[in-house]
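Structures follow.
Both complexes below contain chain A, partnered by chain B and then by chain C.
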Partner chain A sequence: MTVTEVIEKLGLHVLTSKEVSDTKVTGGYTCDLLSDVIANSKTGYLWITMQTHQNVLAVAKLKDLAGIIFVNGRQPDKDIIQKANEEHIAVLSTDESAFSISGQLYQLLK
Partner chain B sequence: MVSRYDFSRTFEIKGRDFNKAGSISINIKEILKELGIDQGIVRRAAIASYEAEMNIVMYANKGEMTLRLNPEVIRITLEDEGPGIENIEIAMQEGYTTATDEIREMGFGAGMGLPNIKKNADIFELKSTVGKGTSYNIVFYLNSKGDV
Partner chain C sequence: MLKDYKADLHIHTCLSPCAEVRMSPATIVKRAKAIGVHILGISDHNSAENTQAALEAAHRYGVHVLPGMEVTSLEEVHILALFDTLESVLQLQEMVYQKLPGENDEETYGMQVIANADDEVLGFNQRLLIGATTLTVEEIVNKIRSLGGLAIAAHIDRESFSLISQLGFIPDDLALDALEISPALSYEDAVRRYSPSLPLIHSSDAHKEDEIGRCCTHFLIDDANIGEIRKALRGQEGRKILR
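Let's look at the complex of A and B:
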């Protein structure tokens, strides 16, 4: 399943430009500790988090993640979206909680 | 195309510069990929260099990271000018951290950095002098298995 399909099925808001979203989603990881995400996420994962500062992009880039989903309607710091577009990282958001969106993504990818 | 047999490059790291934090490790990952290094080894090296880079950003005033390659190994060395580590054995324990609340609210300082380096490297040596700084020697064998 691609990021675009996940966006449609889960009704996610797309904060970056749409053409960056055709990466294949291989799984998901929900955590706000960057070192834990560095240690345990894998290529193609969607990362569900409430951390919205720009260091999340370095983590996503380093681990070749498919994208980042910000939860509870949190909006990222200003410069992040432009940088994410340049780096081709899909940045998404949802008004739902980490628990709820993780469950839905799990069901979708299962 | 750069040669993987005599590669050496040094990067400067500024302490507390969270805006650029991680960029050197991304750079190192790109270089290793371009040199045709095994993907799993690239992944491990990227994790280790990121954690070391972040330690310098979080705790030190400044530092340098050097990436070197020869036919047998990738070697990443770091030297920083900073507070140093009082007890390396304790610092290596998972969950131990001296990070400020502010740093921890950003999701850093979970006490996983040094253990993550150890887990991913084939050799990890850490030396530190309190009040002066810390040096890292991180080695990956090119004939080793990809992922941990």
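Let's look at the complex of A and C:
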């Protein structure tokens, strides 16, 4: 399943430009501690978090993640979105909680 | 003349809900004097209301106190702030109080005792000092620096409330003066593990009396103040960290 398909099925808001979103999603990981995401996420994962510090982008790039989903309607700074466009990392958001969106993504990918 | 000053720059008083009630400012200063610690950083969670008492006690006993605070950021990162003057730390406190939601629950988190230099209880702080502010690490560090203080990332080796646990790595553009390691790690192991681009300090993060001075940083400096310590951290004018 691609990021675009996940966006459609879960009704996510896309904060980056749309053409970067056809990456294949291999799984998901939900955590706000960046050290743990570095340790445990894998290539192609969608990362669900409420952490909007600019370091999230470097972690997503380092781990070659498919994208980041910010929960509870959290909006990252504009420079994060601009950098994400340059790095071809999908930055998405939802008004739902981490629990809810993780459950839905899990159902979709299982 | 340059001298070896032994500094424990991270100590909690009875104002921090997680510290022992016996950790009065005067008790801390007397203990430091007894065990030969020359410089103390008084750093309660999100408050500096016991720093005046600590400064007064320090004056009586001939120990140096740097008034400070351990601020909790929005990302739940602990940043240690240290200053030369009470006025500066109170300016930081003003900003922190505006951005610190919640009320303390003594049964759950502990008492937050405000004391004077004679070990008398002046009152209890009602704010949720153990909580997080809504300030980002950048906002906190920039405010500390604009007030002339030292901004130090606290206990970076800890798995909670540290810059590395919360944000994965040290953000490049953060204007920190130093990184602190906890007593859980030796100085040598810390250097090996982090290959730090910033100076490392070691401090006790004492919450109990017998923890004061269990880890210290030795500075070769001319006087016990922020400017001298900053020079030592940067290795300027012969000032340096001796371990």
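Operating definition for what follows: the second predicted complex is superposed on the first by the 110 of 110 C-alpha atoms of A that agree within 3 Å, B and C clash if a C-alpha of one lies under 4 Å from a C-alpha of the other, contacts with A are read in each partner's own complex, and residues count from 1 in each chain.
Keep in mind that, in the parts below, a contact is a pair of C-beta atoms (placed from the backbone, for glycine too) under 8 Å apart; a residue touches a chain by one contact, two chains touch by 3 or more.
Because the structure is predicted, anything quoted here is derived from the model rather than measured.
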Hey, is it chain B or chain C that touches more of chain A? B
Applying the touch criterion given at the start, work out whether A:13 contacts chain B, chain C, both or neither, answering first, second, both or neither. neither
Go through the superposed model and pick first if A:83 touches only chain B, second if only chain C, both, or neither. neither
Figure out whether A:55 sits in contact with chain B (first) or chain C (second), or with both, or with neither. both
Could you tell me which stretches of chain A are touched by chain B in one complex and by chain C in the other? 32-36, 38, 51, 53-55, 58-59
Using the touch definition up top, name the residues of chain B that touch chain A in the complex. 18-19, 21-23, 25-26, 29, 43, 46-47, 50-51, 54, 106-108, 110, 112-113, 116, 119
Write out the stretch or stretches of chain A touching chain C in their complex. 32-38, 51, 53-55, 58-59
Residues of chain A that touch chain B when the two form their complex: 32-36, 38-39, 49, 51, 53-55, 58-59, 61-63
Spell out the residues on chain C that touch chain A in their complex, using ranges where they run on. 75, 136-137, 159, 164-169, 171
